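Shared between the two complexes below is chain A, which pairs with chain B and chain C, respectively.
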Partner chain A sequence: MTRQTSVERSFLAKNPSVLWFILILALFTLGVTVLSEAYGVAFLSTSFVKTLGKTLCLCLVALAMDLIWGYAGILSLGHMAFFALGGYMLGMWLMYARTEEIVVAALAQGGLPATPEEIGQGIAVQIFGVVGASELPPIWVFAHSFWAQLALVVAVPGVLALVFGWLAFRSRVTGVYLSILTQAMTLALALYLFQNDSGLRGNNGLSGLQNMPGLAEVSQDRVSVWFFWASALALGLGYVLLAWVVSGKFGSVIRAIRDDEQRVRFLGYSVEGYKLFVFTLTAVIAAIAGALYYPQAGIINPAELAPIASIYLAVWVAIGGRGRLYGAVIGAAFVSLLSSWFTGGRAPSVPLGFYTINWVDWWLVLLGLSFVAVTLFAPKGIGGVFDLWQGVRAPDRKGAALGPDDGALMEKEAKE
Partner chain B sequence: MIRPPFSLPQGIMRHFLLSLATALLLALPGLAEAQGTAAEILNENRALVEKPTRAKIGPVIDALAASGDPVAATVLAAWAEKGLGLRKADGVFFLIEASGHQWILRDLTGADAGTAPKSDMVELRPNAGVRGLIATALVQFTLSDPDPETRAEALTSIARDPEESHLAPLRVAIPGETDPVLKAQKERLERLLTLRFDPDSAARVAAIEGFGADLGLDLRGALNPLLATSRVAFAGEPSEGANLARDLVPGEDLTEVEAHDLLVAAGMAPARLTVEEARAALVANIVDGAVGGVPVAELGTQDARDRAYTALEAAGTVPPAATDSEVAAAIAAHRFAEVYAEPDPAVTTAARAALDAITIKVGAMQTADLALDAISLASIYFLAAIGLAITFGVMRVINMAHGEFIMMGAYTGYVVQLFITNYTLSIILALPLAFAVTFAAGVAMERLVIRHLYKRPLETLLATFGISIALQQIAKNIFGTQARPLTAPAWLDGALTFNDVVSISYIRIAIFVLALVFLLFFLWLMKKTRLGLEVRAVTQNPSMAASMGINPDRINMLTFGLGSGIAGIAGVAIGLFAKVTSELGSDYIVQSFMTVVVGGVGNIWGTLAGAALIGVLQKGIEWLNPSNTLAAQTYMILFIILFIQFRPRGIIALKGRAAGD
Partner chain C sequence: MSALLEVSGVSVTFDGFRAINNLSFSIGAQELRAIIGPNGAGKTTFMDIVTGKTRPDTGSVTFGERSVSLLSLSEAQIARAGVGRKFQRPTVFEDQTVAENLTMALKAHRAPWRVLFWKERPEDRTRVEALAQEVGLADHLPRKAGELSHGQKQWLEIGMLLAQEPRLLLVDEPAAGMTLAEREHTTALLVEMAKTRAVVVVEHDMEFVRRLNCKVTVLHEGAVLAEGSLDHVTKNQQVIEVYLGRG
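Moving on to the complex of A and B:
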């Protein structure tokens, strides 16, 4: 409680981890740039730079997940849906603008300058021919404008989270019910997008997103580094923002909501308002991360919204360590890189004599079981290592609880 | 179209001749003998048989058909398929079959008659018209074949592809039919053919009205072509003899564009200029960087292009295109109507009335069918969710691996079928075995993981998710990604069919029964047994239950095992109609949770209500938009999300202190 009384201390002084994080991130970015093909010694391949850039975006969405789950105690299984929605919103502009360039170039061969109607028709056929449509659906009305779609990256997931959160929190849906409800929302969204007439190309999704409109002559190795920088910048800003959000009085309130929602409500706080703000803020951050992620991935389709993706997000945060921002980043980076290493077929198989463990097949089993182990034995995740290092230990409270609530006096304490 | 008048006597003539022949056959067997065998008939008409024409060969074929000779049908069939030959030397007919440079000969009774070089024989090659006559005669043979199965097959093939020529032989074949089922079929088919092909309008109307609101698909299949319409444009009044279905008003019943397209297709109005044609015309007429005085660089708008084209039109270099006002005038000058392909208004009126009556009845039947579907879907959801109702509803433990227990049950059934090939026996064995396997898995999971997390429900959710991911991948590693069959015993094949609309497969009935059995079992277990009492006690207050001598650990373990075991049995049932894959469980898990949450946690009646609501809802939405089951699922989940806003504790909410926070 000394933190709250010492208002005069600066934000950074109160949160030394922010400085450390920014420093490490800066060094990492510098290192990758120096090792990249475009601006350095070409030690890292372009595809690996892309993987690292994507990992940074996943770290950003994990940060958002940590705020909503680790700090506010709301296990949302829908944040990867917001992530994908952000990707879709930017992807619409990328695909439209890129197709427009191609169509205009093709029509210029025809002898006459193309009319706007012809260009529009050409783009629609080019994009939607694959689902048997030849007109742009109404939701593509802003797709020609970069700034409008950029605003939609924030607005669409933000409004969805606002409406969904308002409905859910208002009727006091909490705990596992909320988790299941968010999962249902994700599933509904995914099923909707899988339809061909959803206006987003059904299960084909949006593709060719790695081609930047207007940058046709810039090679991919440079574009990949630019996106890496943007992702690093977004992650750094996101970290500072969230560290600031959780450090003050607001942070104390949302942690209190996590630990005992009723008590906070009786203390006069508008619990629903706080939860709604956190839910919407994290949804927007997730969407921004998605908007940076999918141009690096090149393709987005409704499978990205599958409920399992949001669960993996929770897995990363849990393994990294909930309730500490760097834990989420470590978890996301560690698990997603390890996952691509194992599933990429580069991990050596383990011969057992009677059976050979091929990690492409067994990685998910390992992940699932280690997740169970982390939940059971190391609830603090990898972040707990830092506690050990700094000598922070949970009090040893052996014995059974004497009361029904968490934090009740334990047998041993009562004796002492 | 009006039938040419000469076709009427021909049909009647043949009908008459056939009837006459049949009558003679029946009345005077001696005379029939006197008509001679197939061989004799062929010999008498050798010249005609050798070079048959459609106009003259009829009596010969009829005589063959009426000869009563048992080989007549074989001979006719062989003749039609170029399997009848004539020996040049003596003019004897043989059944022939090519074999290298030789013909294999059999005489008309089918007995082997050696071989002959190709040059010795004349292969009879009837033309298409003659073959048609033979085929018609053969229809009558097969329809009167002594073997009932052949007759049934002939009926089926006629029903599948009815032709006008089938009507006469079918009518002949009815009086002699002895099998009452086949006779009814023949009579029904005769009426179906009558309403389509009979030349007499009154007979057709009578046939249509005779059916009433019959639900048979075959009747609707026969009526619908009668009511097929096409859109026609008339300059002035509709032509004589056109059977109008209704008038079409441009702008209301059909768009201006459609109306104009009709006129263009009929050659009654000039076509509008398409964008591509205009573009091509402009490109072809670029002169000194301008078209019709408009510089090419300015042609980037439709307006400029129109101006350029008008200029070209004025200069006479391009053909004039229809302008908007010309199109409007052309449309105003014509009358549009939907016209029946069937010329007879009496028939179309009767058919329309019959179809309307049928549609109303079919609508009612479809509602009944939908209700059956909904009940069956509800029982599937109930079956999938009942295990959850125990683990989640009673113990408040979120088990995200529940779906994988369902999958384990289904794979258990599959493995049992690998060893026991008798499907009935294997299913009977698989049910308890699936229960045992998933019970053990559930108990193990409870002991190893869940009991450490009773106070941390969110982490239970995540840990069980970890288990779910691992189990799914293990199943994938063992059984592969392709779907495995779990075959239902033969007595569960097929469907209980009430009529052409309402039917339900036996598997779904079995699942309904299974769901009912589980409901009763659950009620009995919780309300009437010691275990149920202890479970309820532990659920309400573990410490107090422990004080009363109940071991809460043991009860929790058993309850969890029970819920998991039921999931296993549900897995066998679901595997019978769904594909058994490692993702089987995850397809049901969200819906199962929805069922429990919507119904109300901690109450089996709530689960039942939830399953019913979701089943009815999903089928209802699917019915509104049948092409799109994805949309149905989407809207259903949206509905559930909204529903939970208004009844957060489900349909049947627990009241009082047991409701918890």
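Moving on to the complex of A and C:
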């Protein structure tokens, strides 16, 4: 029998964090359910259940960010654009189908059965009256179909990522230039969506997304828990999928690309192909997270695609610890919950006598300082705590240049 | 014997500086060749051209029986066509284990989709272990490459090259930073590898080249100055002037 080494053992044995993660997520889900208004002792308010559900979605998009940045080394600052696009795609169906119900009910009051034209007209005016239009834009052609819009949740961000990534990676745009390009992408998309004739209601965005079509009688107490469950399931599946992706030879190759892409080319791997694959896969995961997030938020508008949103995403992953999946989850959960506590006005102000620190204004400063501190003093982020605990010390990624003599010395040492 | 690699009339200019000047070079399918030349002669640039890292301004580079032009291929395609390269400084993936480094280099499908669903078969395992054995790293498979000594990293990189099973191997200054015993081991390995493939070795050290006991090409200012046995080229007056004469 040969020596047991890391390549040989099974997926779960090699990734103990997966079992731990699923266990903790399951317990958390159970706990929230038991404490919810609809299914338990009503300790947690419905709005807090929604906050927790949204947080799980943010953890999922942080996982995607960790794959592309932490593992593949591509600092994309545009992934929240894919997240928002996913939300818009599902939001279109939610808004259309809900409005259809309302319009049909209203027309039924008139006595005569309404014609499909009348219904269509009514929906268009209801949704687009706010931007002064009375016809549905062509991009709403599939909005009546849940399954079609669900497919678009994946297809629209996926194709955008594929085209953008193909153009960028083919020209070998890397490093800070790629980051700037992704910022430009999300900014351009946001500016486009802000226009009233973009077909997505301009700066009004889509609203009322918390109302589920066909479930008008079901209270939000219940719906919020259902979405919480769906978010937990998506996060769990996403974690297992990404843990599998990074654990095998594919993970090896993308980490190698992060550390020395030229060397990977000389091994025969098409670096651009791998980057494109990871970019598109993570865009799709981000889109799915967004499709689950916005029905819990109730509203989506183009401000969600602001460049700063994607920068926050990178900050979460950096604080949590990039290059390890649970680090991204910890960072996203910790920072986003803290952020909503500080900006929600619930954090007590700090009176200094001459000045009062009001956290709604100062939270961003605190976050920025934490980011700088983590980057400088704890590059492994919060996740690094687990290394201390396990006593793991990783070597530097790039070895220092050793002269021939140094090398010979180390060789001797190694033999001793 | 027909040539495996055929480089003809190649020139490269960097910002007006001619690093390679109408260079022609060819090597057979099972041949060992040493390239020597003073610093800045263009040895590394020559390897950059063959591996697709640098595009020449003029000339042609063809490879294999069907004389495929390498100039229209990407670095990765050239590597897949069977050209392996060892860099001057050891470049291994320090954050990954020796086993992972070797596994990545193992000859196999390289497309993302295939790699994603790749599963290690027992023969892959055996091959990785055999390679590690061959380069003296059998006891280090689960260690991170970053923890290895300089010489061991050199060996790991050679192991990765063997794993790729290239038909043409370009080796840039392999003996740098090696102890005497390691150099001898390296020489033997290069001679052995050249029995089944073409091997081009760039080296400064004359003793090392002598032990390789093969045909030598002398580069100077981006062009071939002389070619033949080591004794033959070291007698060449021009070679003595530009290179050996300077000690």
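Worth pointing out:
By our rule, the second predicted complex is superposed on the first by the 385 of 416 C-alpha atoms of A that agree within 3 Å, B and C clash if a C-alpha of one lies under 4 Å from a C-alpha of the other, contacts with A are read in each partner's own complex, and residues count from 1 in each chain.
We take it that a contact is a pair of C-beta atoms (placed from the backbone, for glycine too) under 8 Å apart; a residue touches a chain by one contact, two chains touch by 3 or more.
Note that the coordinates shown come from a computational prediction; the quantities given were computed from them, not determined experimentally.
Look at A:Trp362: by the touch rule set out above, it reaches chain B but stays clear of chain C. After overlaying the two complexes on the shared chain, residue contacts for A:Gln262 are found with chain B and with chain C alike. Of the two partner chains, chain C is the only one touched by A:Tyr274; chain B is not. Within the superposed three-chain model, A:Phe250 lies in touch with chain C and out of touch with chain B [touch as defined at top].
Residue contacts after overlaying the shared chain place A:Phe371 against chain B, while chain C stays out of touching range. Of the two partner chains placed by superposition, only chain B is touched by A:Leu75; chain C is not. Contacts of A:Leu352 after superposition on the shared chain: neither chain B nor chain C is touched. In the superposed pair of complexes, A:Val41 makes contact with neither chain B nor chain C. Touching of chain A by both chain B and chain C, each in its own complex, is seen for residues 262, 404, 406. Contact residues of chain C toward chain A in the complex are 51, 53, 74-77, 79-80, 84-85, 87, 89, 91, 93-97, 99-100, 103-105, 110-113, 115-116, 118-120, 125, 128-129, 141-142, 144, 146-153, 160, 164, 176-179, 182.
Note for the complex: chain B touches chain A at residues 275, 279, 282-283, 286, 296-302, 305, 398, 449, 452-453, 455, 457-459, 461-463, 465-474, 476-477, 543, 586, 590, 593-594, 597, 628, 630-631, 633-634, 637-638, 640-642, 644-646, 648, 661. Within the complex, the chain A residues that touch chain B are 73, 75, 110-118, 164, 167-168, 170-173, 175-177, 179-181, 183-185, 187-189, 191-192, 194-195, 262, 307-308, 311, 314-315, 318, 361-362, 364-365, 367-372, 375-376, 379, 404, 406. Here chain A touches chain C in the complex through residues 2-3, 5-8, 245, 248-250, 252-253, 255-256, 259-260, 262-263, 265-271, 273-274, 277, 394-399, 401-404, 406-408, 410-411, 413-414, going by the rule given at the top.
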